[in-house]
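Below: a set of structures, written as structure tokens.
In the two complexes below, chain A is the common chain; its partner is chain B in one and chain C in the other.
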Partner chain A sequence: MSAVLEKAPPAERADEQRRSWAAVLALALFEARKLLLRLPVLLMFVLYAAWIGWTMRDAWSSYPALQDVDRATQTGPLLPALAVLLCANQAVLRSQRQDTDRHFDVLALEPWRRTVGFALSVVPAAVLTALLVAAQFTWAVLAPGSVGHGSVGELLVGPLTVLLAGTAGVLLARVVKSPFAAPMLMVLAFFSILFLGAVPGDSNGSATRWLVPVIGDASSKTLPSDLLGRPAVWHALYLFGLALTLALAAVLVNGGRTKTVAAALVVAVGLGTWGAVGQAAKVSKATTDARVLATLNPAKVQSCARHGNSTYCAFPEWVPRTGTWAEVTDHVQSLAGGTAAQEKLLVRQRVEARYGMDADGAIEPSTVPYQVTVGTRWGGPRVPEFAAAVSSVLVMGSEKATGSLCDGRMVTIMWLALGWQSDPLTQMRAVRLDDSVSGSAIVLSPTNPMSMTTQQTDVVRELLTAGPNKVAPAVKAHWAELTAPKVTTAKVAQLLGVKAPAGADKCE
Partner chain B sequence: MTTTVSAAGLSLRYGSTHALDDVSLRLGEGVTGLLGPNGAGKTTLLRVLATALPADSGTFTVLDHDPGTTGGRQEVRRVLGYLPQTPGFHPDFTAFEFVDYVAILKELTDREARHREVRRVLAEVDLSDVRGKRIKKLSGGMRQRVALAAALVGDPGFLVLDEPTVGLDPEQRMRFRELIARAGEGRTVLLSTHQTEDVAMLCNRVVVMAGGTVRFDGTPAELTARAAGRVWSGTERDPAAMAGWRTGLGAFRNVGDPPPGAELVEPTLEDGYLIALDGMAAEVAA
Partner chain C sequence: MRVTTGVVGQLVRPVLRALPRRALGAGAGAGLLLAALPRLLSDEPDPWTALLVLRGAALALALGLTFLLDDPARQVTVAVPTRRMLRAALRTALVAPLAALWWTAAVLLIPAQVRPPVGDITLEAGAAAVVALAASAAAVRLTDEAEPGQRVAIALLATSMAAALLLPTEWGLFAAPKDKWWTPGHDHWAFVLAGAALVWAACGPEPVRRRLGGFALPRRLRSTPAH
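Here is the complex of A and B:
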């Protein structure tokens, strides 16, 4: 062919460049529309949206902590991510599979620019995921009693996972021209995730576990957001860098060997590496110290609010919830007799934060008289658990003393905790470990659990069935006897006017 | 004739086979027919001119653009409409989507203008009514017209059509001829075909290829004239004839060097084609 070099004038060249990039954008929009309308993608987005709807329903009654909600948005997007990986891969292979290559190869838009278009076509799927994540999170923010702070880094993981999957699908199609490669990649990714998660690490968890897109926690507890120590922003940067690297590698493989692409690839690899190194760092000393302080000396970092006779001290993010705790305390105290009805309690929020989210740790019962522990979670069984903690302190004087409880006072404690509730038997079921209302059981509380014997359970159930109007006057009238050490369950039943169980108290 | 496409000395080998051997030609506006038997090098020539395949040697220009450079090749592709032999389709695309997709790859970027253009070419090939139908639901003839619409979108100055009427029934072929004739108005069309009727009815110019070389380049009338005095009628097939066959009227039509006293008949384009192929005629006639 002729070696004559035709060079268009700069203005013309710039115009051609603009035209080519506009075509890339048009291709990206076309492919994005096709991708979002593919059955697997549609189906997975519908499933994902349904899952969000399900979690939204719960969020309205579960007093969400936003630093947990943000992480909870990360697993759902794996559904559309898998579909996007498969379908983006198939879209790139479409021309080869359906034999339009011979025709399309001579069309003006260069192959590497088409790859840019394919890579960009997965962005709307990521944006849609981001919208769904935002909806899920916003719903939790608007839920009554929500507390805490979400992290943008955590919220970005879902959309970035979809972006990463899409670009992986594009790169794979450019490297391996087989439709079976994407399913194989998914199987490989699954086992890689298992392997990476299994590689032993230090006390902060596996050394490599942050290399996979979505990282779960060993613990389900809720911590103040500043104590989490999750490298969320680093991880988001890592995912973004990785997605960009895959996309640019696909462009490079497909002939886009321009200086701009090469430079962008270097930047992308740099971003990914920067994120990977950042996320692999150990939890900072400041966070570790803050965790120790929050666990052992929470008063130093808490704010206190007074409601009625009692004081409520909480980590800053939970201060708005102290009023809700006070309502429970007031209800319990309103059923108590003697000085307990007016007792000035100190309700203190406590956490075991020393292990971060890597492990659970029980909170030791407080030895301080009339101090009640409240946890970081609320709603559902946490309400009767807290009520049981309040009533136990009113009856026993301290949480520590409750640990040795093995007599009829357990009946009074449980009645105070549950007697004011609108559906006390349901709450009784909720606060017992075995979800039953008969037989012996462990009763949950924010610190050490208590135990109920079968006889105590029977008496409590009868008292709850009788209703507060009938029982409350008797409790107030016999308060001193009901709370006397070693009072038997039979005696308590007799004082409160229900059938006394046979046999002596026998703790298990 | 104003030359719009010119090629000089194009050669291409597949191993020891000369697919193209020093091919030179000049094309102008209108439809040029490219005739030749299987393996003549027609598709190879079209693929080279469509920039799908680089030639080993030789040069060509399309509307003053030289594909020898990256920029030049892009320019050629911007003015090119290409309908490959047995074109592929995306069966799940609608006719509109498929042509729109091709339009995007042709860098027609303004969405509104592009869609207007897609509607125009679909109307031109008489597919407006089915533009929303998926391609897998269209008949073979309709699909072929979708492919032609895809080649026509963007109003290319040079249209390369590789055996577009293969597999079409006579009615579809007639309709296609109409479309190609219209497409040839104001642009250069290179039409590869086995059908001499296509050439006779459509082309103002014809190139005959065989064995990778150009055997004839001229007007259809000139090709027909080549057979003047070399076609005769007889009661039996003349063994000395290049080709001979029984006609519908029962007489034998012989092409070649007539024996003395033979009853000469009026030649057709097909006769001229056979003469142009010369030694390959028997194979073609078989």
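Here is the complex of A and C:
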């Protein structure tokens, strides 16, 4: 008899424990459903989905680099994060607002377990964000011509921001029991962060820079993924540790002073600190060295592929794109005459990676004969820019020689670059800095830009309007005269059979 | 009933006591703190951040004003003979001079050389305040919640953030003074102000819902409490 009495209480307690955790789960599910169906949260998720559709609308024609797409998923989730913070806060305060707090005193569920339920209730919102982030990233992966590698650490930032916002809302409601605290603190925090972010002096590698959830870059260029040097995984760990810390702190201040909670809080603070220290570290020596190598001596890390006459060398992540470059090179070369039509070109991909994502730098033109530079981006204006680089090398012999170009050869260069396109005037607009088709302008290329005079622009426009069938034979026939140094624009116009422009060339 | 100065005079003290002073104070404090940031933290303040924090200050006060019509005793005061419109107007009138004083202080906190055009930025702040008042008046008019302030504040905050992010630049609502959209943007702000003022006026009277559903039960006695 006594044995039975001794054994019964622990069994009863375990049963009670199990039942109260079931109640926590039930509360979490109920609150999660309620949170996701709140009007602000719903609207913000709809807006977020619309934002994804808007930013990804031309992913299929813009040749995305996945190491850029993963970072581009981070700003959108700030919309649902804002709503989740405010609504989770409001949900915790609901019982106070409706004066039902004292009813909970008769329940077996302790207040701190209710807080656990509320903290768990924001998890589905984070999961939903993760699904949307995954959809956005998958869309870019599926896009034809996408290259590179995404980082799991960067992709996790969006969902973790929502989780962090939700737990912050719960903690805030447990610390300050007033309905206006959350909106006010949001405004204060938001504008202070914007203000501090705008104040100059926040140099790269600063430890405090990475403390906010989403960190942008000063540069918008595309780099090979191993040269980015962003502490993405550390930052995800930091965000996770911080979210966990806030949730456990809410449980702790609500009376959950058990050993388990205290131990978990210590672990969470440790995780967050570990992440914060990890992300504050300077860019590693290995990455810095790799950046210098990729900038100054890319041949060491590139793989080459042969398409037709020419060789294409690219960073490993871009090798699948060499075929696309070859199509453009072949089109341009097919319009050229003389030896240029059979010239073996070396197309090499080059980047300025020494400053990482903190600053931009121009790529110096190559001095090697018949070497063409191609950048890391593709699609849109990048296509005619590359075509202009190819044609300038075919006419001038090297990229470096193009810098001093100031004569009628510019007409030939531009015609080769644009003549094979189906809509050459649109492409001409795209390749010129001011988007014009008349007057003088700067022509962009992967390295140094070239300049066109008003007269050259007029002749090129006439040639493009006349169509390739009429002009191509004339170019091939007069190739030697067209590419002779110091040939005038008027002479080129006369050779190709279009009206000579009024006035003399004057380079700017 | 006839509104006499006597009634108003008698109402001033209880209405003053019933003002949600903590929420308004928090909004004003947060706003002043934001407006003081350029003087406190940066050696060379620039016009863009000055405009940013001033807008933040205006938003903070607007969020405070969303709590202005909260009345925990709403189910009781609905029966008093003084119309709700008058009581709400009295609350607003009591707060308005303080708000004007507060705004002057906030503007003066911004260093003179980076201060945005005062008239235009005041129009923005006024529009934000009137939108907040109109939203809380609409919440009181359309629901029978006693304290809709928090919901309205959340809606206002979410809307303003989404608007700043998503509205086309051509509308100029969040332009910088040197932008070409600054002037048309402030015409739009004037429209926002006028529209919000109309909504505010339309939502003044107490709803006549008793004709439809009988006397509304106090919230917590109903079976499905809204949260």
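Rule of thumb we're sticking to: the second predicted complex is superposed on the first by the 484 of 508 C-alpha atoms of A that agree within 3 Å, B and C clash if a C-alpha of one lies under 4 Å from a C-alpha of the other, contacts with A are read in each partner's own complex, and residues count from 1 in each chain.
One rule holds for everything that comes next: a contact is a pair of C-beta atoms (placed from the backbone, for glycine too) under 8 Å apart; a residue touches a chain by one contact, two chains touch by 3 or more.
What you are looking at is a predicted structure, and each value in this text was computed from that prediction instead of being measured.
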item	value
Chain B versus chain C as contact partner of A:307, first or second or both or neither	neither
Touching partner for A:190 - first (chain B), second (chain C), both, neither	second
Which superposed partner A:99 touches (first chain B, second chain C, both, neither)	both
Contacts of A:354 with chain B and chain C, given as first, second, both or neither	neither
Contacts of A:107 with chain B and chain C, given as first, second, both or neither	first
First (chain B), second (chain C), both or neither touched by A:331	neither
Chain B versus chain C as contact partner of A:180, first or second or both or neither	second
Chain B and chain C footprints on chain A, overlapping residues	94, 98-100
Complex interface listing, chain A residues touching chain B	1-8, 13, 16, 19-20, 22-23, 25-27, 30, 94-95, 98-110, 114
Touch list for chain C against partner chain A, complex	22-23, 26-27, 30, 33-34, 37-38, 41-42, 46, 48-49, 52-53, 55-56, 59-60, 63-64, 67, 147, 149-151, 153-158, 161-162, 165-166, 219-220, 225, 227
Residue numbers on chain A that touch chain C, as the complex places them	34, 39-40, 43-44, 47, 51, 79, 82-83, 86-87, 90-91, 93-94, 97-100, 178-184, 186-188, 190-192, 194-196, 198-199
Chain B residues within the chain A interface of the complex	50-52, 54-55, 57-61, 65-69, 71-72, 74-75, 77-78, 80, 82-84, 87-91, 97, 100-102, 104-109, 111, 114, 147, 150
